[in-house]
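Before we start, here is the structure in question, set down as structure tokens.
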Amino acid sequence: MKSYRKELWFEVPRRRALLNITAQVEAALRESGMREGLCLVNAMHISASVFVNDDEGGLHRDFEAWLEKLAPEKPHAQYRHNDTGEDNADAHLKRTIMGREVVVAVTEGKLDFGPWEQIFYGEFDGMRKKRVLVKIIGE
Amino acid sequence: MKSYRKELWFEVPRRRALLNITAQVEAALRESGMREGLCLVNAMHISASVFVNDDEGGLHRDFEAWLEKLAPEKPHAQYRHNDTGEDNADAHLKRTIMGREVVVAVTEGKLDFGPWEQIFYGEFDGMRKKRVLVKIIGE
Amino acid sequence: MKSYRKELWFEVPRRRALLNITAQVEAALRESGMREGLCLVNAMHISASVFVNDDEGGLHRDFEAWLEKLAPEKPHAQYRHNDTGEDNADAHLKRTIMGREVVVAVTEGKLDFGPWEQIFYGEFDGMRKKRVLVKIIGE
């Protein structure tokens, strides 16, 4: 069994955004030389997400509106977490809905995806440098 | 380390349904001959889900009502994704809540489950053939 | 490839609570002797959760209020699952939002976490003994 580790860094210039990181994960997989195994991709921050969905702009606007409905950012004072001086309680909740991580099968040296599967980094408290971990185990 | 891969195909004759696929995943595990490892089961489509919960009909009706409350199908025009000619934006949101994948431990040749854990395929945009991936790595 | 398995038991003296179990998972990892691999941590019960977030009391109160808004416990009669004599349908829904499992990378013998990542057991139907599974594969 071999293992491979890489950090991907992002600095999103606004509070919230969804970034397609599939190409970066594929590049990490090629670099690893792995042919068969499992690839874990996870946000290393608790106000961000890694998830699989569709790369369609309309859907991304739907995600933004929907997350704001289920876990609104404002008023900041509605959240006890924000009593600590933070203003990002909503980001912790949004990330919970979207998920921390995905585990993707590696088959014949490729991410074993269905036709529309793409990996996204979901930033919910941006404007600073944050990391995603790619860890692959296999052969 | 060994690896094993199998696709499970489903064609649900209505828009939404929850199917217990535990027996099919167990059959794949037996076929793999794996004794110890990890078993990834994921929807290969972004409007469907794989999740672990209880095989109880009342609970499944609760899931249907609850998902319709959190991410209603209609009116279709409430979603920007549906401006593309699709009508399944709600399916992408419902699958997000229910999750894309589960990772199950394999111990002594069996899915290492608690007493009530069962694996379900959650279809949220059916009436066509769709796939689930089973990938097992271990020994 | 090596594998390691451990059950962690909890008996929460109230219906709902979030417990930081990071130290117990780290102890299991040390006991395993594993240096590189993947560590699966999952609830073995379908009315409980394992998730990664922040160990901050205000945020935990926000989670409680938010989950009660999205999937309220009462009235019990609003859920068909509770027609079976159960009263825990809401716990199944809450656990769905919070997630069944986390997969954590193991790197140089440690849980490969970002600065604030901690593992929690989310109990949504307590006052009885319940289990979490830790399964590590690697070398």
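Points to keep in mind about this one:
A, B and C label the chains in the order they appear, each numbered from 1.
The rule is short, and it goes like this: a residue touches a chain if its C-beta (ideal position, glycine included) is under 8 Å from a C-beta of that chain, and two chains touch if they have at least 3 such contacts.
The shown structure was predicted, so the numbers you read here are calculated from the model rather than taken from an experiment.
Chains that count as touching both subunit A and subunit B, per the definition above, are C.
Residues touching across the subunit A-subunit C interface largely differ between the two copies, under half of the numbers being common to both.
Rounded to a whole number, the gap between the C-alpha centres of subunit A and subunit C is 20 angstrom.
For subunit B, residues touching at least two other chains, in rising order: 1, 38, 70, 97, 99, 103, 137.
Considering their complex, residues 1, 3, 5, 38, 40, 42-46, 70-71, 79-84, 89, 92-93, 96-97, 99-101, 103, 131, 133, 135, 137 of subunit C touch subunit B. Only residues 1, 36-38, 51-54, 56-59, 61-63, 66, 70, 97-99, 102-105, 107, 112-117, 137-139 of subunit C touch subunit A when the two sit together in their complex.
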